[in-house]
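By letter and in written order, the chains are A, B, C and D; residue numbering begins at 1 in each of them.
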Amino acid sequence: MDKKENCGLFGIFGDDEAVEKTFFSLHSLQHRGQESAGIASSDGNTIACHVGMGHANRVFRGGRNVLSMLKNPIAIGHVRYSTAGSRNLINAQPLLTEYSMGQVAVAHNGNLINAPLLRDEYEAYGHIFKSTNDTEIIVHLLAKPTHVAKTDPLAHLLNHLQGAYCLLFLFPDRIEAARDPYGIRPLCIGKTKAGAYCVASETCAFDTIEAEYIRDVEPGELVTLDKKGLSSRKFANTKNISGAHCIFEHVYFAKQSSRVFEENVHEIRKRFGAQIAREHPVEADVVTPVPDSGTSAAIGYSQESGIPFDMGFIRSHYVGRTFISPQQDARDLAVKLKLAVVKEVVQGKRVVVVDDSIVRGTTTKGKIKALRQAGAKEIHMRVSCPPVRFPCFYGVDFPTKEELLASDKDMKQIKKFLDVDSIGYISLEGMLSCASKPKECYCTACWTGNYPIPVKTVVNKFTMERYHMPLFDDEPIQL
Amino acid sequence: MDKKENCGLFGIFGDDEAVEKTFFSLHSLQHRGQESAGIASSDGNTIACHVGMGHANRVFRGGRNVLSMLKNPIAIGHVRYSTAGSRNLINAQPLLTEYSMGQVAVAHNGNLINAPLLRDEYEAYGHIFKSTNDTEIIVHLLAKPTHVAKTDPLAHLLNHLQGAYCLLFLFPDRIEAARDPYGIRPLCIGKTKAGAYCVASETCAFDTIEAEYIRDVEPGELVTLDKKGLSSRKFANTKNISGAHCIFEHVYFAKQSSRVFEENVHEIRKRFGAQIAREHPVEADVVTPVPDSGTSAAIGYSQESGIPFDMGFIRSHYVGRTFISPQQDARDLAVKLKLAVVKEVVQGKRVVVVDDSIVRGTTTKGKIKALRQAGAKEIHMRVSCPPVRFPCFYGVDFPTKEELLASDKDMKQIKKFLDVDSIGYISLEGMLSCASKPKECYCTACWTGNYPIPVKTVVNKFTMERYHMPLFDDEPIQL
Amino acid sequence: MDKKENCGLFGIFGDDEAVEKTFFSLHSLQHRGQESAGIASSDGNTIACHVGMGHANRVFRGGRNVLSMLKNPIAIGHVRYSTAGSRNLINAQPLLTEYSMGQVAVAHNGNLINAPLLRDEYEAYGHIFKSTNDTEIIVHLLAKPTHVAKTDPLAHLLNHLQGAYCLLFLFPDRIEAARDPYGIRPLCIGKTKAGAYCVASETCAFDTIEAEYIRDVEPGELVTLDKKGLSSRKFANTKNISGAHCIFEHVYFAKQSSRVFEENVHEIRKRFGAQIAREHPVEADVVTPVPDSGTSAAIGYSQESGIPFDMGFIRSHYVGRTFISPQQDARDLAVKLKLAVVKEVVQGKRVVVVDDSIVRGTTTKGKIKALRQAGAKEIHMRVSCPPVRFPCFYGVDFPTKEELLASDKDMKQIKKFLDVDSIGYISLEGMLSCASKPKECYCTACWTGNYPIPVKTVVNKFTMERYHMPLFDDEPIQL
Amino acid sequence: MDKKENCGLFGIFGDDEAVEKTFFSLHSLQHRGQESAGIASSDGNTIACHVGMGHANRVFRGGRNVLSMLKNPIAIGHVRYSTAGSRNLINAQPLLTEYSMGQVAVAHNGNLINAPLLRDEYEAYGHIFKSTNDTEIIVHLLAKPTHVAKTDPLAHLLNHLQGAYCLLFLFPDRIEAARDPYGIRPLCIGKTKAGAYCVASETCAFDTIEAEYIRDVEPGELVTLDKKGLSSRKFANTKNISGAHCIFEHVYFAKQSSRVFEENVHEIRKRFGAQIAREHPVEADVVTPVPDSGTSAAIGYSQESGIPFDMGFIRSHYVGRTFISPQQDARDLAVKLKLAVVKEVVQGKRVVVVDDSIVRGTTTKGKIKALRQAGAKEIHMRVSCPPVRFPCFYGVDFPTKEELLASDKDMKQIKKFLDVDSIGYISLEGMLSCASKPKECYCTACWTGNYPIPVKTVVNKFTMERYHMPLFDDEPIQL
């Protein structure tokens, strides 16, 4: 089972160009997942689905032809995050299946803690599994006769799920959109000019199709998009839950132009930057971001500190994430291919470098080295989130604890490892003070180890191995 | 649900080159299916699987690389028949799944009459379906807890299946091979020089890997290939079943070099030809086959009649079956691209043309026209099977009754339609007299309408439509 | 320089479907070359051209789209023979260039003996070369100002060429077709029902597009297809030349349905077979061809000898020539994948095996071995051409002298090498007696070493190396 | 003939990883051309070459395999600019040919004014042309016997060329690099740590392979890289030539991290921005660039004006230039897919938008519209180059005069067309004052119409048409 999935979702009901709009929306959500893309769509009676490996553009590149084989006016789409080694068409979504009530297609963003348990249970009851992702177990839950018999089968089944999830269910005649009671992953509601409702992981999808952002799907809410428009019900009592928004969405995942958890990503990142400037001031000549993830915070740092902002790094438009095989000794080259240093900006200067986060530290080290080679006099590293020290069980693909730079190093050791003149992480308190919601509303597990949803480590080694059914892709993935 | 499937199976246990041998065997069985190919293999502990659209050569063409990702020494393979419009990676086999007892991969040749009923029943019990083929329901049956609990779960589940089937089950530590109680499709057992047992749809697969044919899997027999060698048990009482071998395997499907139903295909086809010569003698100058399917019978006709055998048609090696889109007006061109007439063989001659069967009659008509254009003086059509008048429910992909040439035409009308000087089909009695087994052992439903396994027409329109879930291929199929 | 090229040509003038007809004709000529395919076409003013690696079907597979980018009503096409290691898009034809008189596209079948000399000469005059084939030098000759100034530049340049050639020149407003004074390679003229003239390497191309064969282009003739219809002139005095038709076209290259050198290929091959039967009679039970190249001769042998004809080998439709890498130790497998033995035909029998030729002898040896394994009691090898002992300089791709089986072995040694009970090659006299033209009309160099056009071995090692400019294909070739 | 080519060049002599370094350098020069990529390399004796359509990454993606078929230690590489409609493998470079002195591979960046004249002349002398680019004529000049006979053939031929050019010649034993006497396009010299000399269009290529920038190739200089190291000679007297560096390299083409014409691109762009701020001050709340081309100038504008810099647009990493077909009505969508507006940055604000240039104005209009939709209160457009009013004959691919926004519109009309509150272009004087060289050293033709090299409009309509030989690609280009 892929324990770590951050993906992108989109759905729209009642638009004659539903499929095309879904395609363009997936494109705008592409930063949330490049492994695979898919669209399931319905004409009100039957669902058609197409999924493939790679960018939305590649999957639907024959373009008009494939898109035209799909149906309007109802569609959902999915882009999937790529984790090395698990690229597999069988895990692409939406997942279209048939059960006793007919067809359903499901798209999922998040990570279920109890998926292995549920899977074992369902296998015990005679069910079979073809894929290694959480989504399949959700459909098994949906198809369970005792669930089908409930007044609100969907609401019922959602209560069986533990973990982080935003879910889109496409039935032939409607879309149902659900968000877990903790609201870990984002999901928001929009409306096109013509009045069609849509849902998306981030509001940037709405901007692309000129839809208007209405509001977020609330934690524990189940929203229906059908002929009658939009209707809503709560499937979980969230009174005693303060919420656990993944603040890493603000730090890294979401697009700067998006509204996520009810505030703009770029703006909160600028506040992060300003906060670090207050927490870790330094005398310097220039503030440069590691583009693009550090750009917003660097602007904030510059504005707060008064140190001029400049572009010490130029990012290449021609490198995919998988351009270089991840051998440790190729990392320096990978950095160079992705980021070019503008010598004139840093040579002989005291440079503040702002990045969103440091995970393993190896690529950061490469960037620092490149600045040194370009003649930077002093390098002051500033990071817009606290040191990552704990694994995430709700969908962020951090490496193992051993690989996390900050898991066993203090600031002095990190400073030495990175070869910087000073290191400054934003404090947890400082970071949370930048957000517009009360600090209790955010999940801080990766920094504190306090998991909002209890995590029993159910995944034993045998289970993990069993899930690795090596079904290869039909076609090799292009860089 | 694809009602019509004629496919090819191969399995081998205990060979260090199991995967490679399976690949070569699939190649030799390629005539049984060109839509997709797949291999599932095991190292004794875990199953790995790769499937793809198109010829085995295309699917595994990266060749050594993909093959080397699979495992030895246990493997099964499958080639799938292509029916227009249903090309779909999701239907490719072997189908690898997980259930309560671990992994299993299944490969299937045949057609289950009760698949829709079983599917409806299982959906009612909360099961979900991803594909539209019979194989998936078989795995659901296997995974059913009450079945799992039986002394011999496999034998138990097989008794739930109605119709034609040869099945290979690959478990991590063994292969199980089953053949339906009527023995409708062929399945035979071989042994390599080094002593590894193998099973295949036709013996030609054994020739390729220099294995020796041992015997057929018997109707109602379940054969196990594991570390202890080969063991066998009966899962069905076949005492009162005379057998229902699909004689169309002899007429058309099987390779001439194969032994099928315990006799050689080429030899029986020659006897068919001789029998037509006795039933429908004619004064003529030359006997020419429609290559390659009519070649064996034409030799038989020539030898019996004394009329010289010659090649009036030359078959192109460069045309796939799907070369030309099946528009009626392109058929003449399609015939010309596939078959070239040797004018000198037929010009001014009285020509006996021998083909294996006439289904729709349209391509036959095109061939006759080509002979006329080349100057044939008389054309006498001879067909080595009786007129096809009824649909097959056991796996042969005949068109609908309305499209069958002989369904509503008498010999005079057929003669006129084809524009031949005489027409002669082998008689049913004559055909059966050529076979080495008693005539009760063969299924003759497509000629007589007598179905050996009762066919309730369970497939209602709603069901059929539901099954057409248009999940497209990731990649367009090449010609 | 590829010294060995046997290719296929087609051209048509004044047909609204000229491009499509060229495509279908290339398909029917595909047996003459599978390395690359191309079409150049004109609307009367401008020439458009598309070439690619592989079968015509692959090159133009997008099909209608690519074809529709080409122009009507004038087109020429080319299929190129594949010699291992020289697959190169830059050598694909037709070759479209511009020179002082505008555009010209050239397609070539044959081999120029003096190409290296001409190339060296032209380079000395400041010309540059991009490809390694003969065709480019022909265009340089065409563009030479002193040639352009001649009354009939084409006729003039053709007199500079030594060797075997059939050439199609497409100018924007006409096609010119030439055949060398010895008539080594075939080229014939046809006419569609609507009256459009066409030219092709073999008449089988005409059959496909329902054109009628008119006559051969004569040795030393230059034929013009333009708005005025067909006109002809001689560019060489052929009075004292008896002709040197490559009889290997009859033996192996040409399609059985074609008329080549004014007689049908299948018929002459049958006569070859009958002649061997007379020269090398044997008591036997069955005559089997090595399909497909030996089929015609085997029929002739059977008819003459009275020994029954049967199919001891079945040829697979799914093997390309390049299926298996040419490692010596993989040849047995290659034989098995391509040819399946019908045991029942040969088991316990005295078998006459007829093939068209034996070159290296290695694959023949594999076939014999397969027959032995299938239980043949006696094997009598019969070959429908004399032992190949000398290289061809006119376009046939024989291996080096050292590799030719018969170059240094007598019949006894060959019999031993192949492990046959008897070996019988047709005699040269016998072979020539089967042809309809006087024996002086055929080239017999590969058997006798008597080269009709004097061969100065101009190609020194340096030259050869220089020609091997390893420009790789854009795309790997598919099997 | 493609009149407009801006390409990227790289060459290296004497490095065991010459091919690999060339590949990485092409990657860093990818912004100079995405149509095709190629590498020619030599082992000192023979040249091997591989070219293909698309990014370097695609062309060499099989990666190690293709690269390993090339040779070390000498290599040159080329990336080619894509102009719509002329994508054609036959135009890809380096162009490898043979002439009397052996092999040579040529890579070219620039545009020859007299290419059509030379081509006509050479055709008159009997030469043939296969491609439609300038590079081929250069090789004809090189191969001319009277040129070959000169003491310094290369120097001699370069004097025949008129226009803009940087050229790399790869001979089996050396690289020769030339730059036109006006120095229109950039070309610089570097040296690896191990001492191998290299040349590149921009210094960013050196950064990637950790080579050090030495100096520019001077206008009129011919530099030789061979076993003896680096040597130089002048092929043209440049005493009376002040130089004509294309300042558009600074404005748009070159990478910000590069040194071009002896100064850093990012720094000069910042000075451009500061200069506009002085020339066109405005009261505003925020300065936002159109990323990435306007980013440097926007930083300069912000720093000079004191108005805060912020990112009003976010650029997508997943859109190629050709993502959307260039239909006018799809432009708004294209803008949205490429650039996302951060509403919070511009809403209710007075926004200064800085871009590098405005050519047609249509995409700029789309960007302005997007800002308006996001709620910008005022929009002040600032452009870091003067209005483009004249075509470029030296390699920049501007549209026709009619399509240039500024060709027939005054500032008021442009302001209205773009729907901005104010418009401010940098003045020519102001722009030139930012450059470090005297203003006479730069070409300003596209703004002033003063062409440093006399342009006779030699290309008549007939010529242009002739050059459009539509030879299609072997494979369709992927997005």
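We take it that a residue touches a chain if its C-beta (ideal position, glycine included) is under 8 Å from a C-beta of that chain, and two chains touch if they have at least 3 such contacts.
Predicted model only: the values in this text are computed from it and were never measured.
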Original post:
Which chains does chain A share as contact partners with chain D?
Top reply: none
Original post:
Which integer distance in Å separates the CA centroid of chain C from that of chain D?
Top reply: 48
Subject >> Centre-to-centre distance between chain C and chain B (centres being mean Cα positions), rounded to whole Å >> reply: 37
Subject >> Approximate Å spacing (C-alpha centroids) for the pair chain B, chain D >> reply: 60
**OP:** Mark out which residues of chain D touch at least two other chains, giving numbers and ranges.
**Re:** none
Original post:
Taking all chains into account, which pairs touch?
Top reply: A-B, A-D, B-C, C-D
Subject >> Complex interface listing, chain B residues touching chain A >> reply: 46-53, 62, 66, 69, 89, 95-100, 102-103, 123-130, 139-140, 142-148, 465-466, 468-476
**OP:** Name, in rising order, each residue of chain B that touches chain C in their complex.
**Re:** 24, 27-28, 30-31, 55, 57-58, 61, 204, 207-208, 210, 255-257, 264, 266-267, 270, 292, 295-296, 299, 302-303, 308-311, 314-320, 323, 333, 336-337, 340-345, 373, 478-479
